[in-house]
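Shared between the two complexes below is chain A, which pairs with chain B and chain C, respectively.
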Partner chain A sequence: MHKFVRLSALAAAVAAVPLAASAEGITNRTIGYVLTNKSWAVYQTPDGKTECPAGLNDGPREQFKALYPDDGKQRTLLETHLAREADIWFPNENEPETDKGPLPFRYAAGKMALGLNLDGKIGSKDFSGPRGDTGIDNELYRVLGCVPGFRGPDGANYFFENDYMQRYIFNRVLLEITDVDDLTNDNDVTVTTYRGLDGLLTSANGKDFIAGGTQRIDDRWGKRYIHRLKGKIVDGVLTTEASDIKLPWALTFDTNPDQGFKQAKFQLRLTENSAEGLLGGYVDVKDWQHRFTINWSTHHSSYGQMSIPSITRAMRKLADAYPGPDGKMTAISAAAEMKFAQAFILHPEKSVADAAPTPGAKPVDQRAAGGQ
Partner chain B sequence: MRAHHVLSGLFAALLLSASPAGAQRAVVEREGYLPEPMPPGFGVVVNEVEGPVFTDAAGKTLYSWPLKGLRNGDVGDRKNAPSACTSEVYKVNSGLMSPYPAGLILPDAATRKSCQEVWPPVLAGKDASPVGKWTVIARKDGAPQWAYDGYPLYTSTLDTAPGDVIGGTNRRARGDGPGIREPIGPHPNIPPAFEIRQMNTGRMLVNFAGFSVYAWDGDGADKSNCDAGCLKKWSPVLAAETSQPQGEWTIIQRSPGVRQWSFRKKPLYTFIADGRPKNMLGTDEPGWHNVYTQRAPAWPKEFTQQESHGGIVLADAAGKTIYLYTCGDDALDQQTCDHPTSPQEYRLAVCGGGDAARCLKTWRPVAAAKDAKAPNKTWTPIDIDPLSGHYATPDQANAMRVWAYRGRPVYNFERDAVGDVEGDAWGEFFGFRNGFKAYWLRDDFYSNAG
Partner chain C sequence: MSAQQYTNTLANIFGPDLKFDTRFPPLVRTTGLLGNGAAVAGVSDSQLEQYQRTASLVASEVTNATHRTFLIPCKPKDDKAADAACAGKFLPAIGRLLYRHPLAPDQSEALVKEANEAAVRFKDFYAGLAYALEGMLLSPEMLLIAETTEADPARPGHQRLEAYSLATRLSLFLWNAGPDSALLDAAARGELQTPKGRARVVEMMLASPRVESGVRAFFDDMFGFDDFATLSKDAETYPSFTGATAADAREQTLRTIVDHLVTNNGDYRDLYTTRKTFISTALAPIYGVPAGRGWVPYEFPAESPRTGILTHISFLAVHSHPGRSSPTLRGKALRELLLCQAVPRPPANVDFSAVENPKSNIKTQRERVNLHLANPVCAGCHKITDPMGLALENFDGSGKFRTTEKGEAIDASGSLDGKAFTNVVGLGQALHDHPSLPTCLVERTFSYGSGGSVTDAARPMLAYLNAQFAASGYRFPTLLRTIALSTAFSAVEAPPAAKNEARTALKSSAK
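Right after this comes the complex of A and B.
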């Protein structure tokens, strides 16, 4: 059992003289947060007609019926069921687009979206944000915006990705901000992501996640989730410099995939109790498809009319970064909405740097460890 | 009635080969079981994976097919009802696994056998009488069939040697897995306060709440040396005042009136930091081990163990994670589709989009050396046709010798680096129905290790 000896944000209980604490919640120039809510950033109007004028997309069931109508023809499992599964796991790379033909795809329209300006430019395809931001890069929104499962508050993916993130510790994401003197303005802070090992602290009704919980760092299995980012706080908003990161992003049924973000930036409004805002970055299309497909069976995707072959082809079509050897873009701009609650982050006895994986190191032999 | 007896659980059989990292001991311990009355001709074999299983007079393992609810209906046998495994040959799927509809022609429709051809019923003689949990149920054609605990019994045509369990699945049915046949056996010889969990590392003892129990190298034979400091982390598994020693189980007195269970002379504990059933966190403490009635059979000696982002996985010599492929079809009789003799269309769809060459690249069977020898009955080298996935013909030039677990090839995933499990849950229904799951040895977050 690890001995967690350093409390990153434990208030004055253990510190006779707090060091440079200019706000409550900051101790030893450090404050921690734990992720409590996340969803892919989908801008929605009340009736959806602005962004989805042609309606919402079909899912696996509807597409199956469109491809194989009930016309009395006897079909084989190989040419139907297994062909669809083949298309899910290996979406046809040569099919150029999905907005025509037997399986039409409806992209989100309009100029408004949530997200960040990832490339520092204001291009003709960029969105504007509801608060007047410009140059927003979020092509993934065009793909997901009219897929019911990704729309809040009750879309299947919107709900369950969040629900299982909250339930399963595998998905616990911590942010620790160090070198912070002021939560309102500080032009040089360090943000470190970790995986935590504990449940979320809830209010008495069990529904609301509240500040003040404690989280241990997973410094053994969670090394891949440790990322150190530089950032600054301006008018209470933390913005980190672009960096590649990976976060645990699993659902249920014992699945355990990650979601990578290239050139990722957090933009979070900070308080002593919470952090709320966006994570923007480019997601590799193949990785996104892989993670989603691992996380969602075809049956479950049907709940939210989430057709992974159609979504993947649409992502390929709108991919806007990281050209591959053939010149085709391999990644797509994206954003996720995130909420964090303040948490006291307990560091293991050894520094995380010490715990970095040693190339070639052998793990404990499970047969030896398990035997008596 | 055939005479039988309580096995001590200790089979002093020498191992055929050493296990990875020299961890294997000199003897193989096998699970003990409680005697129970059986009809004449039946027996018990202690299988190296499943523990004690009932066998027929030929030594073939007996299976039941308990009812399982699928998304759109149930499959399997109902308790105390005639067998649902009949002479009917299904040509189309049942549509019980959402979202695909019923009535689609099965890949093996032209050659498919009936359920009772691949799962021969265990028939009873005309004068057979019920014994204990053993009863006789009339099949739909009137033939008497043995049942155990109310469920009709079968053998598997995939089993060839006494005590084989190839007919069973290489993964427990969970979630949306198919309705599987399970080997049946006598009750293990364990006190009521314990249960056994089938893990990839062996048949592991847990307490009544499902939490792992441990033993400590620092203890003596039936003597606990876990003092006040030790007890801050470890809780002795206490025996009730009325508990009695049985078989390999003894009870030691920690202090007057405080009784602790001991198994094979090792006092037992739970670990306070284990937050979930079957957690193995206590094995990180030096000298502390999980406790098994019997360990999993040794995997091929060149295999390794790697740390992943959720625990420890079995890997090949290069460190790439080992995956098991599991498949059950959607016909009403839920036949297997993950064996080299099964239809391969299911696997080819999810491993290569129907393209055999891509499949071979994406999900490559784990190669075995030409002179590889099976360390046991569970891990065996087999020769397959690399493209079709079926057994190779005897003189096939491009035959591939691969490692098989319970008769089915094991695989690596193309995108994995050392310690990765990128392919875990790849396939239909999270890999439960037609897909791949990593061979987890320890999973600190989920239940992938067993």
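Right after this comes the complex of A and C.
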């Protein structure tokens, strides 16, 4: 005989008529979300000329050609391919010289960027946001903004980082907001990040990721991704207090790197179906370079003109936090755009019914949730 | 024999790991049941081609290197030659199970001879065996249920099914498969033809896990779940309704039925009020609940609008349009499938322009169906389908709960044969209490078991079955037992033509 699970009586039990209630997607003062879209925050104008007046950066192939032109000069494998490969894994301090000088790097220009005010100050180098917010710290944008692979919608990294996040369950990121009474205004909520164990719920036409799926928490291998953050919701926007976090951030199958964010904050607009906004924080330059390099080969980086040695040198140059023993900054301010769809989060010690919504709850409009 | 009966029979004989697909032609629904359509058989060339394909696949699977070691009870002296002794051990024994009666000696000899000749021709004993087995699987004796009658000594002048035919009828009724060896043994001993013996066998059959297949097959038929084969939903309108949703919706209701009626021996009427069911990953997004791994038993809370199998996706989505719900289709299905009532088809010249105008300001289905009521030609039928269909309007065409439609609050009040209610919970209770709900089940079950539409002559029998069913507290296994043990189940009425001939003969002799 089957044992049927039963939802325990809820305080906000609904009368028989009408059968609908206004649970607003919150169950037991909890709502869960699963990450469906992410990309490094790159502010783009339609033609790119505002932020990249000097054009876009060269990649590995263009740089190789500039460094080792077909000029009849004899060069060994060690001097060419292996030298470049070494520079990817252990970037030199300076760009290599060509007969026309060092390889150039084009930084994003302008005063506009996406991101968060991480240090609470409005400095002269800080950006303003498209919605009028000020003091935005996102020096990583200056580095990546004119690298084709990081620009949407079809840059190689922009596309594949998202694509692998969606397809590769290792990358499943969950957000669970607890102690929440109201998704519009609540001055004290707790946000917990987890790694999930399940695929994303797709729509019938396969084009969108929709709300209403279920995610089990990885409490075995995913412990390092569990972070508890305090936060508040103001006018529908959740902002968490700064805290160091780590998220799974693989770019290909069979790799399992993390991306750490120091003093990280989520700023997400919440609905009962979705959460959308930014994750801001400082990323360690060395870690960022290592994560990218073990994920993505030179061959792949060539599609999207992503020269890791040049990007790393630029990150070192613009690093703006966490000074090392030598006084040089080791981390750079950064931001990622993120989209989540509502999901029921199953805790290992709880039953399915524990995560079930209030009876007769307002149905989730799945079309409103995180599409691609 | 239906595709599922064929599959179940082979699984029972050879084991469930045999890999073959059974795509038999669809049956014609007759007086509410596909099972009744199966009572009239005809095989076209294209159908025969499908049967042949399946038979060939099964024969090669059974005799392949993986299965032969345990499915064939002997080894030939030489794999590359005929072996009459080994073929003679296998083919008659399997033939008894496939044909549902023992093979006559000359029939067995013919099969062995066929296998031997093929083995010589193919220079392969197992190829020869497969050849003969394929022929058996394709034989009318396997594919068609031919019932044999004999004089009924207990009722002089009447006929009854002979023992093997009765074994087959019992087996198809209770197990949705051909009889197994034990059942054929009971037939051979004459046990089935004695009340005590038949009672023992029926108890054995009802205690078997195979009864679950029988119950599933019956309700799959009664509820018209063959409609799932052609079910489609607009992906833009219902983004969470996928092919997996449709497959699992059918399974959900069948699991609920088996659990309630068989496992827990529950009151049939409670199927329309119970909140206990099973949830899968594909269904959870539409029910708005979390999913566990695989199928998870689940009970909707007392305050939930999900009450009874009418609120399952299977009923709500199948009886809707691809892009919107339909109170009319739902009401019609409720009356026809659950209450055995007939709802007339719309007249050929009906004017749909008012309800199908894409520029109309109709917001809710209630407004839409009210337009029918303004037209006397439509109103007659819509009055008998829509009032209870409207109570299901809190569920959209995919089965998802909703409180509004195009911004308008949904009024889910309605009535069923004089009983008014304010929402689907009331509808479930009204249906639970409706006198035609159990009697419809009795009629359908008897018709399904006896292999034909219910005739007027069977009305007294139905009255008896209804009384027994009510006395049992509407327990379905009791109904199955009562039918299986009834004289009517094994009695054979002469067809009208034969009766007329008999009357003519009597008149002639009287002259």
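The rule we apply is simple: the second predicted complex is superposed on the first by the 316 of 372 C-alpha atoms of A that agree within 3 Å, B and C clash if a C-alpha of one lies under 4 Å from a C-alpha of the other, contacts with A are read in each partner's own complex, and residues count from 1 in each chain.
Basically, a contact is a pair of C-beta atoms (placed from the backbone, for glycine too) under 8 Å apart; a residue touches a chain by one contact, two chains touch by 3 or more.
Owing to the predicted nature of the structure, the values given are computational and were not obtained by experimental measurement.
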Chain B versus chain C as contact partner of A:S203, first or second or both or neither: second
Touched partner set for A:I294, first chain B, second chain C, both or neither: first
First (chain B), second (chain C), both or neither touched by A:R228: neither
Which superposed partner A:F64 touches (first chain B, second chain C, both, neither): first
Of chain B and chain C, the chain that contacts the larger number of chain A residues: B
Which of chain B and chain C A:F344 touches, first, second, both or neither: second
Partner chain in contact with A:R269 - chain B first, chain C second, else both or neither: neither
Which of chain B and chain C A:G213 touches, first, second, both or neither: second
Contact residues common to both interfaces of chain A (with chain B and with chain C): 1, 357, 362-364, 366-367
Chain A to chain C touching residues, read off their complex: 1-7, 9-10, 13-20, 201, 203-205, 208, 210-214, 344, 346, 352-353, 355-357, 359-364, 366-367
Of chain C, residues touching chain A in the complex: 233, 235-236, 238-242, 259, 263-264, 276, 278-279, 281, 284-286, 288-292, 296-305, 394, 400-403, 412, 422-425
Chain A - residues contacting chain B, complex: 1, 60-61, 64, 74-78, 80-87, 89-90, 168-170, 220-225, 248, 253-258, 290, 293-294, 297-299, 302, 357, 362-372
Touch list for chain B against partner chain A, complex: 19-21, 23-25, 71, 92-93, 97-101, 103-107, 175-176, 201-202, 204, 215, 233, 263-264, 266, 273, 280-281, 283-285, 289-292, 295-296, 298, 304-312, 330, 345-346, 349-350, 352-355, 358, 415, 421-422, 424-430, 432, 434, 441-448
